[in-house]
Amino acid sequence: MDKERLLDWYRQMVLIRRFEQRSAELYQQGKIGGFLHLYIGQEAVAVGAIAARQEGDHVITAYRDHGHALAVGSDPGAVMAELLGKTTGVSKGKGGSMHLADVDRHYWGGYAVVGGHLPLAAGLALGEHYRGTDNACLCFMGDGSTNIGYFHEALNIASVWELPVLWIVENNQYGMGTTVERASAVATMVEKAPAYGMEGKQVDGMNILDMYEATKEALAAIRDGAGPQFLEAITYRYEGHSMGDPLRYRTREEVEKWRGDDPIGILERHMLEEDLADRETLDEIDGEVEQTVEEAVEFAEESPLPEPEALYENIYAEAV
Amino acid sequence: MDKERLLDWYRQMVLIRRFEQRSAELYQQGKIGGFLHLYIGQEAVAVGAIAARQEGDHVITAYRDHGHALAVGSDPGAVMAELLGKTTGVSKGKGGSMHLADVDRHYWGGYAVVGGHLPLAAGLALGEHYRGTDNACLCFMGDGSTNIGYFHEALNIASVWELPVLWIVENNQYGMGTTVERASAVATMVEKAPAYGMEGKQVDGMNILDMYEATKEALAAIRDGAGPQFLEAITYRYEGHSMGDPLRYRTREEVEKWRGDDPIGILERHMLEEDLADRETLDEIDGEVEQTVEEAVEFAEESPLPEPEALYENIYAEAV
Amino acid sequence: MARITMRQALTDALREEMDRDESVFIMGEEVGVWGGTYAVTRGFHDEFGPKRVRDTPISEMAIGGVATGAAMNGLRPVAEFMTINFAFLALDAIVNHAAKIHYMFGGQMKVPVVFRAPGGGGRQLGATHSHTPDVIFSHFPGLVVVAPGTPYDAKGMLKEAIRSDNPVLFIEHATLYQLRGEVPEEEYTVPLGVSDVKREGSDVTIISYSQGLQVSLDAAEQLAQEGIEAEVVDLRSLRPLDMGPAIESFKKTFKAVVVEEGHGMYGIGAEVVARLQAEAFDYLDAPILRVAQDNVPLPYSRELEQMALINPEKVIAAVKEVL
Amino acid sequence: MARITMRQALTDALREEMDRDESVFIMGEEVGVWGGTYAVTRGFHDEFGPKRVRDTPISEMAIGGVATGAAMNGLRPVAEFMTINFAFLALDAIVNHAAKIHYMFGGQMKVPVVFRAPGGGGRQLGATHSHTPDVIFSHFPGLVVVAPGTPYDAKGMLKEAIRSDNPVLFIEHATLYQLRGEVPEEEYTVPLGVSDVKREGSDVTIISYSQGLQVSLDAAEQLAQEGIEAEVVDLRSLRPLDMGPAIESFKKTFKAVVVEEGHGMYGIGAEVVARLQAEAFDYLDAPILRVAQDNVPLPYSRELEQMALINPEKVIAAVKEVL
């Protein structure tokens, strides 16, 4: 893997982490409303997988969507502005944290209804399949969403129609306060893949190189016409499900154990050990990211609120 | 297997077959309205499986429900009366062909929304589990219903909660005009069981002895606390999906091939070959069944229509 | 003009739009090999092939969601729910996704999908299969809901719906497929969200749509024989709801009856009445009455079911009550 | 009498009924270990154990259907939908199964299930998570739908709902959990399907329920300072709908405003207006107005969302318009 690439991944993961930390602060200050779901701990999944996509590939995910937005290259300022409900936000302040989208970057958004975006992903893939392109759709979802009807119907029809979708389950061990074991009849997500004619593969979601390779392979298989593919990324969220989570369902020890394999730490160690980067370079990147995030916050804070008319705009795409 | 038992099974299957043939005639004559789904060809599944249940076990199925009603021992006259929409019908003429039920016999009914009864089955099982009995619920469903969200959610939660449910998929090769292959990502139903932590077993649904044995075993496993079990009964419906099916989706040859392993024929041959019955006995049974069905039709035809007040009765179980 | 059936009008509309635009395709249960449960897409599978006429598994949530996603990505799906009863399973996909995506993401995406769904009672299908739940889908912003009651409107509005960039729920009525009406050979469309006067009259205004329209027109004919001239307004679209013609007519007749096949309680008629009394208050001569399905689950028994459904007699009785 | 919060009232009702009847149990997402997303069942998991306080997977169709099946087989489930928005996925389980089974099988089975579901906007949750879709569930026969607006009614009606042999959808409002009100120590229940006058007045009748009730009571207080005495009628139950008190009040005031948090179009208010003008026609002095949520998807932006929601000012303006 060439060095520049790794440095960029490092930068993206640090950007997401820092962006999330600042979001949490702004939420505490009451500047962000609604629900806020942080991606801290899972950075390698979105960054590694999305790094493997080709230009025309689509990305869609659930409400824990900041990381994916930044990974597809959305402007941090526009993302932060959305969190603050400003008119300069990616969704004009109408979507908020759970509904970021950036269609110019083929990022079709975060969706707050668990599983609701899975058939949308199959539909996006159908569009490509119908036009005969070799583009695919990367659909991210949580472990908890694999127990809802949408999951079953979307994965089944995608296989029957041989649609170019890559299902990526971010198994962060919990759906809110419920462990995988207490919600799913099978302990791993890959065990669900065969029911849809897919083999499925587990990946270390804390290791960005593994995430990248696994995604690259899966996408290649899809382009070779092997039909939908399925990845289970083993990961963990360090913070609560959303802000204000009482965290009664897990121990501090468990969290500490996982912090041990921090995705940023793993890449950092790898680069230092392999002499792909030195401390200074990484510190420099940290500094730049710090700067970027501050500018994003400034931009968001200074951006105007939506005009009242906006309430009645975009109800329909076409007057009726 | 003792002889009396086999003779009774033979009688039940012939009763169902004859009952269905008469229903078809009455439908043609306009005496039965709505949709009519015949069970002809699948008799061994319901009769064999239900023969294996213990007193307190529950039965629930979809709209193709005449066979199950007769197999649990419902009065043919009351079932036919329901088809004719008479007040003497099992559901007082309010349910019709698709909504037969006989709660006194723990038969919770036929349900017309595909998959809708699966979570009900889990709920019925939860009732037994909650009270600590060793009763189970036999839930019959079609192959096509395994592709709907209800299937996924019901089978998953039943396994997570270790509920005493026996899932019996009647794979009659088609969901209306759609073959299993064109609707399901996997070619067999048992391939879906592992995703819910069950092994699953295929049974020859045309052979009532196999159906009985497989069900007996599965129910024993459930009572031993092994959790939900899953059976795929390979069978075939000789008639159309419902009356008026244009049958554009299959060939006469295919139908003939299946008629070769007719469930009644298989049992008949078995009994004659093993000297468990002679021609006369069987003919006698055929005659009795003919009689029973004619009496059922007479009863139904002579029964009164519901009184107008009935329209407003049973909306609520308790005045509010 | 040729007199063709509602079914034929729908079939023609679909075929014309499929010929016209490659991005239009059909998906749903039994729409292909079977030819459509109500034979609306009969022959399409051979004619257009499996790519454009797609049979789906029994997966209503997927039908709703996949069609929505395909529309987001440039296609124009015509997704069929075998009956509107099964669309209950796709409520979230339809009203929380198809109908909200354009707004929620600040207008970044368009969702030009059409959901076709036949509904209605009167065929002894029992409580779960006989719904006319038009009102519950019409309650939600972002969705366009139409329910034409004549072959002419059905063809023109389906073509318009397919060309529209908005998500449209196109409600059909299973008992109207055989209804015949005049339909021109030449190309035309009918705008969505525009009501229409189907019969002129000066004594009373009957407001309805879909199957209720036919019941109302029957009633109007019978009333005419008694010298009562009813004006019959066809809403055609339930969202947006064009109250113009109804209000105009009411200001002429001072009396109105709203007719719908669905349940009366919290039904379409309630909104129409509320709008009429608010926007034409000074013209209220008598209470505005509603004729609708009894508030009971529909039973299988033919006799009981018919009791619960609307018919010309019930409409005539209501008209005489307001006169 | 102690002044407790709506949350406490609900918690007490649940605990008392669980203590009273072994067959009562709770199931839903995060009701157990987490203690309920809105902390209504906090501590129940330890207190009653996992058999009676059951965390479910994220499976709304199963929550609706399993609870229904358990009720058919003798239990009294209190099934919680984390929010009513997710109950869209259980629409079929609720209205086509729970609500129809007693009727469809000729009364053979009872379905004593309670579905609890908090809804409502005003918390910047965006278009899919902010619904007040009470009306769509209230449209269907066979279901009982209630939506209390005070801690007293919430406790009394939840206990009544749990004891009822009918399927009951018990709608809560996420912004009312902190609302305090007087609740007696001693045992009591409040009947379902009975409206209630929450404030007496002679100048105008304001009809509302749930969160709209609180907005209406605020408005009434402010109006009183201007010498306008509004009578506030709380529907409390949406199905069956008890119009008695509203009609009685209207016959006294000749003017009415209907207030609801949900969308106005095809909303609860439409039915109330239609019933009032039909059943108290001779008392109509002015158009009956509706104050409801704008017919737009609710946006995330606090400023925009607040614009779309009801508030006392909007109610006051409507009252002044009808006076």
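We just call them A, B, C and D in the order they show up, numbering each chain from 1.
The rule is short, and it goes like this: a contact is a pair of C-beta atoms (placed from the backbone, for glycine too) under 8 Å apart; a residue touches a chain by one contact, two chains touch by 3 or more.
Being a predicted model, the structure only gives us computed values, none of them experimental.
**Student:** What chains, if any, are shared contacts of chain A and chain C?
**Tutor:** Both chain A and chain C are touched by B, D, going by the contact rule given at the top.
**Student:** Centroid from C-alpha atoms only, then distance chain A to chain D, rounded to Å. What do you get?
**Tutor:** 36
**Student:** Compute the distance, rounded to whole Å, between the mean C-alpha positions of chain B and chain D.
**Tutor:** 40
**Student:** What whole-number Å value describes the gap between the mean CA coordinates of chain A and chain B?
**Tutor:** Comparing mean C-alpha positions, chain B is 46 Å from chain A.
**Student:** Which residues belonging to chain D are in contact with no fewer than two other chains?
**Tutor:** Residue numbers touching two or more other chains: 56-57, 59-61, 85, 89, 92, 96-97, 103-104, 126-128, 141-142, 296-297, 299.
**Student:** Of all residues in chain B, which are in touch with two or more distinct other chains?
**Tutor:** 91, 93-95, 99, 111, 113, 116, 147-150, 153, 156-157, 160, 182-184, 315
**Student:** With chains as vertices joined when they touch, what's the shape: line, ring, star, complete or other?
**Tutor:** Basically all the chains touch each other, so complete.
**Student:** Quick one: which bits of chain A touch chain C in the complex? Just the residue numbers, please.
**Tutor:** Interface residues on chain A, with respect to chain C: 58, 89-95, 99, 101-103, 108-109, 111, 113, 116, 118-128, 130-131, 149-150, 153-154, 156-157, 160-161, 313-318, 320.
**Student:** Taking the touch rule as given, give the residues of chain A at its contact with chain D in the complex, in rising order.
**Tutor:** For this pair, the touching residues of chain A are 33-35, 82, 85, 91, 93-99, 111-116, 144-145, 147-149, 175-178, 182-184, 246, 248-249, 305-306, 308, 310-312, 315.
**Student:** Where on chain D is chain C touching in the complex?
**Tutor:** Touching chain C: residues 61, 85, 88-89, 91-92, 95-97, 99-100, 103-104, 126-128, 133, 135-136, 138-142, 239, 241, 263, 265-271, 273-274, 277-279, 281, 284, 286-290, 295-297, 299 of chain D.
**Student:** Flag every residue of chain D that touches chain A in the complex, lowest number first.
**Tutor:** Touch residues, chain D against chain A: 29-30, 33-35, 37, 55-61, 85-86, 89, 123-129, 294, 296-297, 299-304, 307-308.
**Student:** Mind listing the chain B positions that touch chain A in their complex?
**Tutor:** By the definition above, chain B touches chain A via 147-153, 155-157, 159-160, 182-186, 191-192, 194-198.
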